[in-house]
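Just below sit the structures, each encoded as structure tokens.
Both complexes shown next keep chain A, but they swap its partner, so chain B is in the first and chain C is in the second.
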Partner chain A sequence: MDAPLSDIAPTAVTRAGTASLVPIYALLVATLIAAMLVSATVGYRIYDLGQLWDALFHFDGTEAATVLTNLRLPRAVIAPLVGAALGIAGVQVQTLSRNRIASPDTLGLNAGASLAVVVASSVFGIGSLAGLSLTAALGALVTSLVVFAIAAGAGGLSPLRIVLIGVTIAGLGQSFVQIILTTNEAQLQNLLFWLAGSFVDRPMTLVINCGPFVLVGAVIAFLLARPLDALQADDSTATSLGVPVGLVRIGCFFSVALLTGAAVAMAGPVSFVGLVVPHAARRLVGLRHDRQIIAAALVGAVYTTLADVAARFVIFPLEAPVGAVTAVVGGIVLVLLLRRRIA
Partner chain B sequence: MSHLSTNLAAARAPTSLVVLTVACVLLCLSGVAFGSSWIPIDQVAATILGAGEKTQKLIVLQLRLPRVVIAAIAGGAMATAGFLLQKITRNSLASPGILGVIDGAALGVVIFLALLSDESNALVTSIAYQPVAAMVGAALGIVLVFTLSGQQSNSAIRLLLFGIAVGAVFKALVMVLMLIGPIYRTSQAARWIAGAVNEINWSEIQVTALLLLPLLVLSLVVARKLPPADLDETSARSVGLDLPVFRIVVFALAAALTAVAVAFVGGVGFIGLMAPHMARLLVGRSVYAGLVGSFLLGALMLVGADLVVRVLFSPVEVPAGTVTAVIGAPYFLFLLMSRQRHDG
Partner chain C sequence: MTDDLAIAVDSLSLGYGGGPVLDGLSLDIPRGQITVLAGPNGCGKSSLLRAIRRLHKPSAGKVLIETTDVASLSEKHLARQIGLLSQSPSAPGDMTVEELVRLGRYPHQSLLRPWSREDSRALNAAMAGTGVTHLRERPIGSLSGGQLQRVWIAMVLAQETDIICLDEPVNHLDMAHQIDCLELVRQLNRDFGRTVVLVLHDLNLAARYADQLVFLNEGKLAASGPPEALMTEALIAAIFDVEATIIIDPVHQRPLCIPLRTTAHSVG
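Our next item is the complex of A and B:
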């Protein structure tokens, strides 16, 4: 019953020839590097680039160097990694479900991860960040298996079915989270912060542990870019083009599970990135998936990095949850894009 | 998409609707029967019809029945709103939860709790004004979405995206307010957001019913013109079904239904998403059957959820909204799987 994807920036397709894309990518990469440098140096205390250089290459144990290497650098690396993962996952989910308002949340993975974390911390008393990260990743993994199994039992990963099963499982997960939170007030405040998503106090080991999953997920997405182009039309068109529709969907689903699982393990459920970034990416580079994926990765990375910087100042000196900032910034940006008819 | 099983469902639609109605009445009666003291269902029915002794009358008519009635009409209204939205946008993810209305209402409630609490976290005004705050917030959400979208409100996907954007901003503000507020206020807001059927009196029900009735009648009127589900945008336009004005009317109608429903029971958005899909699987694609089926299923889900939280968690007051998915989801997944290969 879903409408065909007819109203997505048709101008961008014709506008974006291959040659014209290089400046766009270059600009995005430059912005990303700048954003990461800002993220590493600006915050409660502001450091200069010289101190960053020293902390990186001539570590001398001063307070500045310690803060930079232990607190700032991990955030400056984790934020873009999470944004890129969610951006790529979002592109795939929106094509997989042929629905422009779908996002990685739609598949229920974030809700599953949240439920796992809430249960782990309120029932088993797990409080360490490493424990919560592992729990979140496991929760996302188990949820993806459940969604996949139910979809397979109901006849396969068709666009409508994957969305319906995903939102149902998401609703179920959120239900249990709410039951636990409303009956356990002591945990509420603690968990609310985790549930909003944050990059605070993440160790570098998270990058080493989760980075490979993001990489594998991204590579799979990129390899599936051509078949995804065909899937944008309807199934029979894709089949007649020789695309193994079922296999491509399974591959995509696997990639989305890896990307979202890694993201939620690193930062908690950061909402809205996976929904809004694909719209911006399509506007920039058109509908071809190889381009969309690269653009979504870069846009997502810039977006979360800047949101993370903003999160340090919104309710200064406290830190706002980055999920709240991505939603506010993303919401406003989406409205602006839409009003100028370019989303 | 094969329509084999929805055709089958359509053939059984009258039977299904009768069964749903009977189930709804029975569940409402049980909703009144259960509580701190058990009252047999026949006595419940007799008391409602005017018999019964004084204390029983008080319990049934003043304490339990209002709660069940508000759950039924709010759940039904929410489901109706979801049905209209999914039809008019032809998007299976459309629901009252993404129009900016529920998040607007949540923001209204959180600000109400934040502004009108004193240092010891006691409300300085009556909690009876909370629904007013919710409705003001909801109205703000609707107005903002329509103002921002301007002329573009004639495109379904764009209007949805505007709704999502506004809703996301509101939701983030709610989150920040909850995080920086004291714990008592936070948990009170969390209850509202989850959706709780609270104590309610008949005059509040009268207001709700007076507001909802014309909206529901209007829904039946516009239902006749709703485009067939499988028509794409261009064909709909070519047969004259895609009138921008009509689309705005349906959106506004759905938003109004949602605003009134959430004012008293909070954010039970899941019902609006799920009930219409269940209705499609149960009674087929006919618009009238779908509309009535959605209303009944929405009512069933919220009355059932309220009953479950009262029986299972009593005396702890768990918000009913938290278990709507627990009740609805397994049944929906069962429906999806038992009609496999036909309805995806």
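Our next item is the complex of A and C:
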């Protein structure tokens, strides 16, 4: 029942605001550090923290030190970076499209990156990781431009139109990937692992090359937090509040392209992270975007890092592609979300 | 323009590509009063409200607030002058009441001016003024229609604009909530001195709550003035194609329209 007019509540005391969120962020950071340590030390061979310390600060050329610095540490850094980037991108895509089951995949960015890689590999014979990474990032960026241009050209960046065009482009991209791979079986073996997403054998230079793009994308997202809050309401309401709706959408698109492009360059298309992580973030900290973005970055980082550890054991002693692990876990989570009708 | 005008609409024309929706319409909206826009479907009343808030760009003419052309104002400046609640606003069902009402503070903030004590004061005052403070942690998806409408009004109130525009605010509400909502609007007008512009479908509600009633017809101003002057059998017949009897509501002493039959040339 509504309060009757005669019974209007007195002005409430202002709450502490952000204070109650500090434990949540602290817990996520602690979990992330623990997950990164596990990722660095646990795998086919298990090392202890002393060996990790020595490998980092007293490198002595032993096999343990070499494996730790060359193989394990890059994964322990790249996995959370990719997860954070996809988490932040996912939050923005879901708000931009006002659709809780949208993600960078929905915009066709992963399909575009995959197509670019397959074409580069089978047509131009590019085989180096650096070459494929750059191609993947370019593929994601070009796809975002194509989706953006078609949506804007078709008469405005309405949320529904963005999703429809993104899904269509994603389907097209995947079809072309299938066609090229079926006609070129030799490529299939080489690319299958990349196409599922993985953190294996990634050099630390990827972090240096892609990290800045993640940083810029994250900063843009954070600066757009308040207009994104308002864009959760309908366009008329957001405009009435003084939000420059079109400009905010353009900024968001740019940020999502940077974040997804960098993630795909580092790990290939890792699916379902951008879809599932925002749900967890909202559960933890609510719908304000300054909070959602921080929480999604941390949850995404933890999620991919743990998925990468799990990928080492699900078909032990072989490695599963991490994209398969995130998709299995994410798929189950999504089904649960849909059952509870909050997606 | 005199001191007691809040908005002056000057020869405003508007079209979406087909015929004109507003056709050279001029109208003065007095400060500190409730002005109700009414008229048959498609008469342009919602379009006028949205054009006043610059959600539609006019093809000719202008809208002045305090002698300033709205076309010359920045987005945020305009949003600090006029609040508008559109006809069917939407937001995610898991957004809390407080998160939604906070949005009203958007035009008062910037990168260099984040959430302040002043914003907290306005947020709390808006929730208290609409009686939704006890709901602040509730997801809006769990509220009744009447509660939800109060929360949306709280969001517009938190914007702390001198002018508040509401587009058919009681459309989807039952009778009790319609009265409740409009009593709230009147209270905001009387207690906070806000200029209110309302679009209402129901003529009897319009007559009961309007200080100034405005009839639009086919994109033009048909008549404006106090409800007593506008609610006449001749005007109702001319504008709404309805033969009606007007009596005075014995409780509120406002005109009450009793529709008898549609006139011959009215077509659905």
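Please note the rule applied: the second predicted complex is superposed on the first by the 314 of 343 C-alpha atoms of A that agree within 3 Å, B and C clash if a C-alpha of one lies under 4 Å from a C-alpha of the other, contacts with A are read in each partner's own complex, and residues count from 1 in each chain.
The definition used in the following text is that contacts are C-beta pairs under 8 Å (C-beta built on N, C-alpha and C of every residue); 3 or more make two chains touch, one makes a residue touch a chain.
Everything numeric here is computed off the predicted structure, so don't read it as measured data.
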First (chain B), second (chain C), both or neither touched by A:288: second
More chain A residues in contact [chain B versus chain C]: B
Touching partner for A:181 - first (chain B), second (chain C), both, neither: first
First, second, both or neither for A:271, with chain B first and chain C second: first
Partner chain(s) touched by A:172 [first = chain B, second = chain C, both, neither]: first
Chain B versus chain C as contact partner of A:201, first or second or both or neither: neither
Chain B versus chain C as contact partner of A:239, first or second or both or neither: second
Chain B versus chain C as contact partner of A:230, first or second or both or neither: second
Touched partner set for A:101, first chain B, second chain C, both or neither: first
Residues of chain A that lie at the interface with chain B and also at the interface with chain C: 1-4, 7, 100
Chain A to chain B touching residues, read off their complex: 1-4, 6-7, 99-102, 106, 150, 153-156, 158-161, 163-165, 167-169, 171-172, 174-176, 178-179, 181-183, 185, 188-189, 192-193, 196, 271-272, 275-276, 279, 314-315, 318, 320-321, 323-325, 327-328, 330-332, 334-335, 338-339, 341, 343
Touch list for chain A against partner chain C, complex: 1-5, 7-12, 14, 17, 98, 100, 223, 226-227, 229-230, 232-234, 236-237, 239-244, 282, 286-288, 342
Of chain C, residues touching chain A in the complex: 50, 53, 55, 75-80, 82-86, 88-92, 94-96, 99-100, 102-104, 106-107, 109, 111, 115, 120, 124-125, 127-134, 136, 144, 146-147, 150, 159, 177, 180, 183-184, 187
Parts of chain B lying in touch with chain A, wherever the complex brings them together: 1, 86, 89-94, 98, 148-150, 152, 155-158, 160-162, 164-169, 171-173, 175-176, 178-180, 183, 186-187, 190-191, 194, 229-230, 232-234, 270, 273-274, 277, 313, 316, 318-319, 321-326, 328-329, 332-333, 336-337, 340-341, 343-344
